[in-house]
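Could you have a look at this structure, given as structure tokens, before my questions?
Read from first to last, the chains carry the letters A, B, C, D, E and F; within each, the first residue is number 1.
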């Protein structure tokens, strides 16, 4: 039987297949009976699972980050789908098709790396090309850069999410740069590459997605500055000539100012045209991506409006579907 | 002798040529002596002029909005260039070359109208194409749309400024739309066209640039909504079929939300992807344009930093010019 | 047996009577059993109802906006009263007394319309009187204006609520105007009439109360401006003389600025004395009305304080009742 | 020759009459020459005066708060009228007509006190009437209450300004109270009386208007609470029965919350209906008064707009004067 | 069996001992069955208790503020410990050991009073020493001052909490004062003493902890000003010489400004060095105390991070415990 | 004749002595005549100087950062003292007494370094002691650390200002740490040392005080993180054992969060007790220092209030001087 992906599940479905599990907890209900609660995911989304009358035995049968085989039935509870689990066990190796759990296939990731490389190798500024090579040739860095998510929650939390966002942003940069000759296009391409690279260390993503201690205490804006400094020194060694100090300074500034406002954690406001452009285009790409998914996955399927998103201060209009 | 444009003038230059005059005032200095103060402009910028010991006779010799022939000497005063005027008279018709006073030549404006038309006629949605035609065929509207400035101050205040910004924004929209299939590109093109059209009535621009009473009391966001409603009715008559109500609603929403935040005078936050994209791309185009000119025209010519702009909360970095 | 109105109900009462139903939902509890949840109202308030072990049959037996006959028992749950429903069916025509569901009787509404007309016909300015007549004679408009609620939630959500608030506000305007000769009293009366009229289209109120799509995307401040423009044109036709443009401009300004601050969705701040007065008196009437009801209906009956209202940042002091 | 009042003065007028003087300063111009700068006022407004080449002798010839006889000529300087002084001397007693310097005549003040008394004696609540009498019979208090200004700057700075505002506010309270039976009208009348009484000690007004040290360090909201406590104790003695503690508490709350928001110096938000009403009606009266005078006295006499008021974030629309 | 203190309790423990009870409520669950909910506390913290199928009999068996003997079992519910109660009865006198319910023993409180007295008697300024004595000798005041909590919630809610904070703050003041000779150290000591004394009346603490009506409507900042005025008058009588008015003014200012910002309820910003220092040191002491306890008592025992505290906008880092 | 220090100068004094010069500018007055403007300073403050009718010759006679001998006369202009210069020339070596220009003598700086060293060597944690030694032994670092100012303006702009603030802060830390055993005192001492060390590169201070490009674009909070990382690596080499990663993380967090709020440029809020304490104590020391000097040097010598400081939103109370 082919897999039913999570975003395909409707209410009252019977399910018997593999999921990725996280956030397992043993809880007691009001009567003091224990139950097991887990978060189950595949590459299309996640769903909460509850197993009634479960105990220590079930709880110890698997760990967060494991693939588990789950049997159960879906139901709608307080407007959200959940899965009433009747059996949950660590999956056997041959049961798992890893591609079911990654929104991006290895081939897609390779393709993204290809586009990334093309954008970077296509820069005219030899210093920046040289600097980019220092990153591209650093296997450890690239391994992290291609695996890191763009965030730990919702639509940003998937392997390759960071790479995906960066390459998409570079595409936008390339599309827009001919229209603004006053902006240094190479600097903008390079800025798009490095602006979020601190996330490779800010987040952990080997088993589920979370913030590292350093990520929470220091943050990716500050962390990336150190990485850039080290790579600029490497670039000097590689080329045998000094890396222009103003160039590295402009890149560092783009990194620390790219959230655009103090209240969003930027210690500096954008003070160059490239920093202004990076901030706004990054914002454009991130918002169009996440708002689109908010609307696509909104549970109010028969309303022309999404639920209210308190953090954004608004609902979104999905349209009446009456065509035009 | 060829004209010295305002942005070419250095200190201690003798000048005898035509300017556009505005904001004339008769003032008295501390000793009670009167002097005449005016703002003189050409297509490259503006400069303050002061004529010492002037009186009612000089004051009545011309009106704001006239072309005047001015003789005098430039000097640097408190970091800014000004012109000490020794003679100022209404210019004779044959002395004036109008092209000196418009950053955009009629030919350039025609070219912009051509690009505008191409963008609008290229839309796939027949309703929107039809609606666009109702604007393009409205001579009175187009006359205003091609003359209006984008603002009354600084770099936005020139004939054709609105058209210039709108066409530039449309170019950006076209560049970016293939990258975001989830966004309705035609709606975004049309939104770029209409978002600021209220400025044709919010501002007056026959003699100098100013706000109309309605502009100040109601504002271009609200004013454009009425215009759009009337044009949608025209489009229905023209085509003989109803204009899709959701489509006009989406356009109206893009207009009222395009400042993006309540504090910038938008009565609604962007609640569709097209409204989100319009807000951010409009912001991008406006900021890259105006910040670029702030940096280009900054009076601190030998500093790598502009003066502090209190309304923006920052200086801008022009660079050390040491090359990279 | 006489009706027990909702605001009279105490815990542990048996109920068998007609309610207006809305927000029906089929939900499942933790054990996966379905239950039906509804909101039941009459003219004194609303109460949640839950029917355990209900299913598709019960769910399809009626629609939101229907009158339903409900049998059940009240109980206190987490500080709030709810009704445990044992039977719910569409009511027969003869079971319903519509006056039980409208806080305002038709006679009361007629009386309010009478006061509205008196206020408007009593204006000295013939242009405004003329304009007011264009509204009063428009049957479709008046039908909506007398039915629309003032909001979709809580104490503002009842048929005739808009009219009620407007007439009350006009009373205040008339009381205050002799004290402020610098304010144009007629303009203030007319402003009170039109300031919220956009709500006739912003809200839907034929079956329950909700926002229309246009209401959410554009808002009643902007919507009313178009209505006013059309009526001013009618007034010109009716009278055969031009309607003073500044007068209509001042009214439009009062509409768009009456929320008083950008953050409350006004695209303009009040810039005339009449706009300032309208904003503050509207605020006075709305707050005294709603805070009064918050205090009257507060569930903490034996406390001298209401619950904390997070959106208002405070509790209200009901008094110790120890008399003075 | 009859007096030319300050709000009648145009440019280029010769003046020789008595003014009230304040803020005298000896300054030096750029060349190091000293001049005398003073603020001259009468009951219609104030004007800056400058006496060139003045020295210590002129400076010592009078004190702030004196009446001085001034000779000089008016002129417009940077958009504002000023007086170039040629002679300034302490006025002789017989030259001064005190009524020229008080916007309110003693008769007008008496009339205001009469209205105040009528409002207070008309309250139904015997406790509040009793409390009011304790104030009215306190000669020292009433002397201050009838002399204090409502503020130290602009339109609020005149003898009797506090009384004027309070009585006007009481009139509004009386006009509005029949419309809101849920509000305790007597409490609102009494609240209007005491809300700003702390200004009698916050400000000094024997010679010009200024803040006292206590006024700046503690503020009139807090200072009035102590006064009220003492008067409530007096009222108990006077009547021989206890003053209801909740009543005095409600009054104290109205005082400390009447600025309505934390950011305006209220340590508490209004939490009773009377406190809400007092805040909004106080606001109404203060704003209609001061905005009216801003518009009336605006120096841009031939514009339909006032200058921009940065602290209010707006201009005001005076109207095109084209009639309606 | 020795008492198990609340902060020692783990899941699945049987309990049979005395607690202090508060917030008793009779509730019904979804099925309409009643249960009893209470808050149980001892000096180490508090825990929720629920008794299923309880009714009016159990509810009336004790009052809030009573000591009760409770039998039951602990369990983890939704991440928090609770107690499933099987029996609850008013405790007999001999069952109660009051020291189990006070974080501070009488001896500790006496010791704190001793330190308080030493700090106050050690001041050099005789006026302040004299004023301090008026407080220390006022038995009623001291009785309240030594019993009042510092707040009604969490770590501030315990008998003696106000005294504890004040003495700790005085210790800090004494430690820091030699380093800042520009600050009047005596004033700072006295300010530390009186800054929060309004809490003795703002809060009620005889049976559980709550705000008084006056506390909520006026607040401890304003309430303390009146107390200080009365004590300064007493000091004058005691010493027979006038109390320096500026000194009492400076103390009043320190009280009303000690929250430091308008948004935290201070009607004035600190405008003296002593007021600035008091605000910051009070902040230091309060934050180090409460953040420390947040971290110590955080339920995520195996995480290096506390839960997210929305009101503080952050988590706290407890450390990985890997040592250093 | 002994030097008259700037803070001793009154109006109308003749001056002929050496100053440090900065910000030289050639300006033209309204009549087009040039004059020279300079800022003159010694260790007690700075004063503006103007030389009328100066030209290119005078302008080129010295550079910013030179010691110059100046002859002229003081005068009060618009409330501020200035110097009308009649002669200005580069000073000869033997005319300059460097101690007149440094608020701190070399001996005082040595003493501060001594206290710094004592504080650092006194830490119990061997890792931190080791790390501190890496800084203390780095001559280049210490040379900068002992010369850097704490800011570029006003009271923070003097050689050694950074060191002065840091040592003073350490003294406070030592005084307070015994009172808070929950805080790691060594970490707080080390945090006080490194929190502002980024200023050694953020500012330039060889000739006058200014921001470096990197200082403005990146800021000292971010810059210090890189420095700390490098020193921690040195410490590892020095000691031959790994530096605890959590310890360096905690220090980095203290640096990036020490401004305490996003709006003051901290990309992270304080999330450890040491970071909270560092932020508040840093604030205490900086404010008591600068507010004290604002009050001491306030030009309103005969008022009990300073001028209004718009950036701080307040005046300061200097006291009536009537004693207490």
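To be clear about the criterion, a contact is a pair of C-beta atoms (placed from the backbone, for glycine too) under 8 Å apart; a residue touches a chain by one contact, two chains touch by 3 or more.
In this text, all values refer to a predicted model and were calculated from it rather than measured experimentally.
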Set of chains whose contacts include both chain D and chain C: B, E
Approximate Å spacing (C-alpha centroids) for the pair chain E, chain F: 40
Chain centre separation (chain A, chain F; CA means) in Å: 43
Rounded Å distance, chain B centre to chain E centre (Cα mean): 61
Shared interface positions of chain C, touching two or more other chains: 29, 213, 216-217, 246, 250, 253, 271-272, 315, 317, 320
Chains grouped in pairs wherever the two touch, ordered by label: A-B, A-C, A-E, A-F, B-C, B-D, B-F, C-D, C-E, D-E, D-F, E-F
Touching residues (chain side chain A, partner chain C) in the complex: 29, 50, 52, 73, 75-78, 84, 304-305, 315, 317, 320
Contacting residues of chain E [partner chain D, same complex]: 213-214, 216-219, 221-222, 225-226, 229, 246, 249-250, 252-253, 256, 262-268, 271-272
Footprint of chain C on chain E - complex, ascending: 27-32, 213, 216-217
Partner chain C, residues of chain D touching it in the complex: 125, 127, 168, 171-172, 175-176, 178-180, 182-183, 244, 246-247, 250, 253, 269, 271-273, 276-277, 280-281, 283-284, 287-288, 291-292, 295, 312-317, 319-320, 322-324
